[in-house]
Amino acid sequence: MGVITEFIKGLRVTGGTMLRTIFGDELVTIEYPKEMRQKPQRFHGRHVLNRYPDGMEKCIGCELCAGVCPAKCIFVRGMDNDPEDPTSPGERFGFVYEINMLRCIFCALCVEACPTEAITMTHLFEMSTTNREDAIYTRETLLMDEKGEVPHMFPDDELADMDELAVADGWVRATAPSGLTSYQGVRMWQGTPGPGDWDPEPDQEQIDAVSPTEVDDG
Amino acid sequence: MIVAAGWYMALAAALFLIGAFGLLLRRNALVMFMCIELMLNAVNLTLISAGRALNDLNGQVAVFFILVVAAAEVVVGLAIIVAIFRRRATASVDDLSELRG
Amino acid sequence: MSWPEFGIVVLRVVVTFVLLLVVTLINVWAERKIVADMQSRIGPSRAGPWGILQTLADGLKLFFKESVIPRKVELGMYLLAPFLAIIPAFLIFMMVPWGKPFMIGDHEVALQGADLNIGLLFILAMSSMAVYAVVLAGWSSGSKYPLIGGVRATAQAISYEAAMGLAMVAVVIFTATQGEGGTLSLAEIVERQTGTWADVSPILSFIPRWNVFPQFAAFVIFVVAIVAETNRAPFDLVEAEQELVGGFHTEYSGMRFAMFFLAEYINIFSMSAIAATLFLGGWAGPTFETFLPGFISALLPTVYFLIKTYAIVFIFFWLRATLPRLRYDQLMTLGWKRLIPAALAWLVVSTVAIGFRQFGPPWS
Amino acid sequence: MAEPILFVLMALGSLAGAVTVVAARNPVYSAMGLLGTLFSVAVLYVLQLAHFVAAVQVIVYAGAVLTLFLFVIMLIGVDTSEDWDEKLPYQRAFVGGLAGLIALFAGALTLFGNFDWVPAATSTDPDSTNGTIQAIAELLFTDWVLAFEATALLLTIAAAGAIALAHYRRGQT
């Protein structure tokens, strides 16, 4: 008889779940392309090469990211800036910048290594391609455009969702070209794709004054 | 329009002969069994035709019994074949002519 | 046979066929939706409203897909097996009366493919035919997993058909006491389940005269047996994904796979329809002819039939979502040591009870 | 009108099945041939108004016996073995000669025979079909009840015997 009571218990579980799903809100799945789950703040998505608010590129072609990469998927070559029309505030800029997304393990060591916070990660995760060449992201694809949006690999693709690129949430501090946090207190163009304006980074005294959790970068 | 019982009988005879020849020709115990079933079927067909021609239901009753006996025979026969196969790893009756383990 | 009668015969076969196809399309969708609900998922939602056209889309996809034929198959049997699966599936449903017979002019139109006087025996025969498709598909594929699936199917079908037949026998014996003599015709069995139990006792006058009330044990045995007979979870050892890849249909693709798939769902519906016919009174139900328009009264029996059948189809889905798959020896134990003895015992009990009711106690 | 057409079709089907049983190299094809024959013969039973026997034929023969055959074929894996080597020296020739003689005799009979030997069917009353099952049941449970009980006993013994034969104990062989 034990079998039968267990059997009825099992039927009750599934039947109850069905009723709660239909009439209640026990649904655990969402219809992905229509609605997206809010991703965790430190989600590691595809990379983006940032710019300063004045349009200068942050990358100085130092190849530290390529050096630290455990998967050896980053390829960088630097080039001296043209003094008349510099691409980056430093001496050199990233002339070639390629990431092989098939090898990348999304560890974000490159983000850690970057001295100018030129390379950061976004919340974008839809990176499927139909051939291996397209999986190698070049400078054109990685470098954010003037409006602060991440460029799409295939902008002409009818499946490309441009709205999604606008809400891409790259994490970057609003530092000045000098590297100092001189923008503090001034609300400005945020230099990173993401929802809403970001406050500039606080002073060191302010950081010391509050507990670390309150200075979360959101 | 109806078919004369003779035609059914002729068909049954042909089936019976094919079964009999198969029984003589083949050496695979399973196929020989199937040939026996074929012959039983031919006999059943004869009984049914005769029963219809003579308007007598006893023919059908006899077929019913033959079916049951055939089923019993197949059950035991196949069990024997499986038992033999475990010992000899063959289903050819030539290899089984000696009744020794 | 006159021409109008011939036309009626052709028409009812065609209509039954179409009904079966439509219902099967809905069935596949319903299973996915219901099992999804039971697992807090959404299920198909893209094709058509609530994804109801999903089956059609899948069918079209399978139709246009390449049918891969592996090199080591036995070609003749490999090509034959899908047809052997689908033909008995259609033939079984032809026996089921799915609506109340009505008159067109002076011709009676029975909503049923064919009414044989050996209807139940025919159903048993056809359901035992269905196993050939599985066995031959498994054998002819020329690889291990399908072969194991085929051998399992053979043993399983033989085991559970016995229990199914015995449950049917109990119903047939009981039905014989409900009218003039015994019958194996499904239409007649449904006719004898119309009305209520008012003649037994006035208290029961609101309970419909369905066989499930006096024959509940047979009903339970029958439902378990048909779940096993159609190779559905938890008895789906024939196509156990986790151990046999796909079982007998591992090597099939495209249209041929679709035929196996279709046959499985047709079998679910036909077997549920037979259970509804034997135990739940088929199309029997109140038609309110006095105050409803004629065509609604004529349509209501079909609606009742579909509701009853879907109630049993729902049991199939519910079991699938609830129970884990049985081990093979558990399957055989359940079949031979539990179900068949239970069916035999119930047969004896029910027959003795009927004898008492008909003839009184033997000692008086 | 339907009966002659169906008879010819089913006769050809059953003969083709029978030949397949004998001639097929693979026992699985033999079993399929037998299935074809059984089905054709079942249809022939229906033509002769023996509906009950036809249904029982399909259930018992096609549903149980042949399934058992297939099961054994797959279980012991003989579906690839050849069995056409002959150890009895003159058997093939003897069978061939016999077959030829019988064919000759049958042909002669067809051409010159006395067909009064084969009577035409006398009863085809379709109304009698509805009573067939009841009539058979009456015969079975009155005139033949002893034989009926005997076959029941036979089946039980056969089942028990089959279990005893096939029961496999480790280390026995």
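We just call them A, B, C and D in the order they show up, numbering each chain from 1.
Methods note: contacts are C-beta pairs under 8 Å (C-beta built on N, C-alpha and C of every residue); 3 or more make two chains touch, one makes a residue touch a chain.
Predicted model, so just to flag it, every value in this text is computed and none were measured.
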item: Separation of subunit A from subunit C, taking each centre as the mean of its C-alpha atoms, in whole Å; value: 55
item: Distance between the centres, which are taken as Cα means, of subunit D and subunit C, whole angstrom; value: 29
item: Rounded Å distance between subunit A and subunit D, as computed from the means of their C-alpha atoms; value: 75
item: Rounded Å distance between subunit B and subunit D, as computed from the means of their C-alpha atoms; value: 6
item: Touch-based graph of the chains, sorted into line, ring, star, complete or other; value: line
item: Chain-to-chain touches, reported pairwise for every pair that qualifies; value: A-C, B-D, C-D
item: Touching residues on subunit B, where the partner in the complex is subunit D; value: 1-11, 13-15, 17-19, 21-22, 24-28, 30-31, 33-35, 37-38, 41, 44-45, 48-49, 51-55, 57-58, 60-61, 63-65, 67-76, 78-83, 85-87, 90-92, 94
item: Subunit C-facing residues of subunit A, complex; value: 7, 10-11, 13-15, 17-18, 20-22, 26-29, 31
item: Residues of subunit C defined as touching subunit A within the complex; value: 34, 37-42, 45, 318, 321-323
item: Subunit C-touching residues of subunit D, taken from the complex the two chains share; value: 26, 28-29, 32, 35, 51-52, 54-56, 58-59, 62-64, 67-68, 70-71, 74-75, 79, 129-130, 132-134
item: Subunit C residues within the subunit D interface of the complex; value: 74, 76-77, 116-118, 121-122, 124-125, 128-129, 131-132, 135-136, 139, 147, 150-151, 154-155, 157-158, 161, 181-182, 184
